[in-house]
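Only one structure is covered here, and it is reproduced in the block below.
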Amino acid sequence: MLFHVRMDVAIPHGLDPKVRAELVATEKARAEEIQRSGKWPELWRVVGEYANISIFDVDSNDELHGLLSSLPLFPYMDVKVTPLAKHPSKVG
Amino acid sequence: MLFHVRMDVAIPHGLDPKVRAELVATEKARAEEIQRSGKWPELWRVVGEYANISIFDVDSNDELHGLLSSLPLFPYMDVKVTPLAKHPSKVG
Amino acid sequence: MLFHVRMDVAIPHGLDPKVRAELVATEKARAEEIQRSGKWPELWRVVGEYANISIFDVDSNDELHGLLSSLPLFPYMDVKVTPLAKHPSKVG
Amino acid sequence: MLFHVRMDVAIPHGLDPKVRAELVATEKARAEEIQRSGKWPELWRVVGEYANISIFDVDSNDELHGLLSSLPLFPYMDVKVTPLAKHPSKVG
Amino acid sequence: MLFHVRMDVAIPHGLDPKVRAELVATEKARAEEIQRSGKWPELWRVVGEYANISIFDVDSNDELHGLLSSLPLFPYMDVKVTPLAKHPSKVG
Amino acid sequence: MLFHVRMDVAIPHGLDPKVRAELVATEKARAEEIQRSGKWPELWRVVGEYANISIFDVDSNDELHGLLSSLPLFPYMDVKVTPLAKHPSKVG
Amino acid sequence: MLFHVRMDVAIPHGLDPKVRAELVATEKARAEEIQRSGKWPELWRVVGEYANISIFDVDSNDELHGLLSSLPLFPYMDVKVTPLAKHPSKVG
Amino acid sequence: MLFHVRMDVAIPHGLDPKVRAELVATEKARAEEIQRSGKWPELWRVVGEYANISIFDVDSNDELHGLLSSLPLFPYMDVKVTPLAKHPSKVG
Amino acid sequence: MLFHVRMDVAIPHGLDPKVRAELVATEKARAEEIQRSGKWPELWRVVGEYANISIFDVDSNDELHGLLSSLPLFPYMDVKVTPLAKHPSKVG
Amino acid sequence: MLFHVRMDVAIPHGLDPKVRAELVATEKARAEEIQRSGKWPELWRVVGEYANISIFDVDSNDELHGLLSSLPLFPYMDVKVTPLAKHPSKVG
């Protein structure tokens, strides 16, 4: 089941640089882990913004929320989730 | 080069049903044609809305505008285009 | 799987009264049918507005879109879908 | 009498972790207490967001405000209240 | 129980003048009737706009929706309802 | 002359609790003082929000601004003022 | 007493050209009449838009609403009124 | 003096096709005429939208409004004007 | 050449009171200086808000930006500039 | 390939003045460097705002994101990117 997710990241400017670096590193590791699980098939950078647009492929809403809230940057993100369905004109 | 495109369709209620059916049919044909060209790799239905979220893969802005404005439903659509770049945490 | 759905209805004022009455009647029948199927457990009227807030319980995004787009009033509705998950503080 | 309530939580990042943990714990306890009183029959997590959508069943506006403002997280929440009425198409 | 209600009226320009005049007259009569019942204690014109801000005093959400949806202009109004409670600094 | 005023209060979380308590107390005293002067005939709490909706009865715009900006919480408030006029359907 | 008023005009495209011309002419005449009364000291065109920004000088909210609603284009205008007061740094 | 102008065009769907074609043709001619005068140095198409972003170079606000309101499509456009100044980091 | 300027001021609550007082004093002095130069003919307080609406009369966009950015409070202000032109119905 | 980019800058007020000065200086240097590369042909100041509107000329979305995210002020900017195409009425 596919979900469109937009994540806008806003890490407080005043955060200790070391804490920030650690946060970003663990975020990257966790993101890669979820992608390798097949649950996060698409991840793109929005040009010019500290934001991404992603496609998640999960079995339930709860699973999606579990994955998103497990991201280290979750507390610093504005997340919008849009459920997707099969389009009648989709080829293949 | 990837672009995220959201299309919200609003066909006037008063449109002659035959004109409408023709419009929707030619839209479907044109959409399938562009997808088969490889320029429109992803097309999803937004659940609950007469709208889609798509990913286009084109060589230039002009090519993208040409494809979008060639859609029969173009005059009846609110279209938002967001350029995408490679995400540093993208796996594979 | 639960989804929160808000539907704002805007039937064109100029619609033939008989067509309108037929539309509203078939909408009511279809809404009742879906509710009896167990897929639409909650349906409330937003006070002061021709709008409702509903909870749908479905097995997939596609099923939800199928149900919503099957409503006779679908072309006249602005629909917003919000996926819901279990809340950690939910009792029982 | 039913009210739809959306609560978006934004706890300041800089809050002392111990204070935060205490706050979240007392919030959970208070939320469970109100739910057991029957005044808060529905509580769902909005997928991807530190937010919930709830249904309250109270006897008056004042009672609802009393309950909401008694939540420990109240100062850190953006709350929107929408009064609900019985829908004419509601089955059962 | 008090509710703050804002009503923005938008009667289609093309409506038959006689129908419009009849609509406005019956609206005025119904509004006066509800006011005399004590359920609509305050009604003010928003300066410069075809809109009013009102205070309703009712026993339930359902009663409020019944009153509002009984107004002849209801189909031509954008209505926003805000539940009110007693303010701790209210004198008298 | 009547004005509709909505005040949304946002006191910084980090404010010294004693300063905050003093601020809220002087606000309450000042609000009561203005109400007793007859200039602030209505004051309601917006359910679920640290906000009020009020009706002021003053002789001029300058008088209203003087009253509002004299409130101790003024620097922490988002204030929206809407001038009101007599409604043609107002009874009595 | 000064009020800032922004008027955005949207005359339906389909209006009979003669009716439109008559409307615009009577609007101009009425606007000039009110200006000569001293109640409408400032009237500017917003560059690029069928909109104006004006300053009205009236004795009451009711007077202002009377003047605005007397404009022939009033039914076709979106009007926003902002009450003004003397600025503490105003020279002269 | 430079101005950034965004024009979003919305020609009513029901307009007579011949009238529409004539309108679009005269718009094109007028736009080319103004460009040749040097007053309209930049004109770009917003990808995916019936909209343009332009730079005008004029001697006054009045001149700009005169040019914009002389466009045949002016009644069908939503226009936003942003005055531009020299940027301190502009090279050359 | 006239410009409508709205300035919404938001000085951080935590600013050192002495720094704040100095800032406000120099702002007042600078505002008076510009007004005496004739470039800032109108300055009004928006009732209930730490905001002003002004009319500037300048020879160019660059001059206007120079004046606005010279204001001591400029870093703490949200400024919106709207170019004005002569209105065809302006009397005198 | 042309992109319209609006950058709104918001440097935290509390930033160490020396750090701020260094940041602004390196921003200016980097901006000039990119302009000399031909990738940033247009850069204008938005009158009254700490914001610019720019035109970038790049070969791909990824190149544009690389340039924008290389700006020292990038973490303090709200950036909106709009892809541009050739306008059919563009002269020359």
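A, B, C, D, E, F, G, H, I and J label the chains in the order they appear, each numbered from 1.
One rule holds in what follows: a residue touches a chain if its C-beta (ideal position, glycine included) is under 8 Å from a C-beta of that chain, and two chains touch if they have at least 3 such contacts.
Here the structure is a predicted model, which means the values were calculated and not measured.
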Copies subunit B and subunit J touch via same or different residues, half shared test: same
A-J, B-J or D-E - pair sharing over half of the A-D contact pairs: A-J
Centre-of-Cα separation between subunit C and subunit B, whole angstrom: 26
For subunit A paired with subunit B, centre-to-centre distance based on mean C-alpha positions, whole Å: 23
In subunit B, residues with contacts to at least two other chains: 2-3, 14, 45, 47, 61, 64-65, 81-86
Contact pairs between chains, per stated definition: A-B, A-C, A-D, A-J, B-C, B-H, B-J, C-D, C-E, D-E, D-F, E-F, E-G, F-G, F-I, G-H, G-I, H-I, H-J, I-J
Complex contact set, residues of subunit A against subunit C: 1-3, 60-62, 64-66, 81-86
Complex interface listing, subunit H residues touching subunit J: 2, 4, 27-28, 31-32, 35-36, 42-47, 52-53, 55, 82-92
In the complex with subunit H, residue positions of subunit B that touch it: 3, 5, 12, 14-15, 61, 64-65, 68-69, 75-76, 79-81
Residue numbers on subunit I that touch subunit F, as the complex places them: 13-14, 45, 47-50
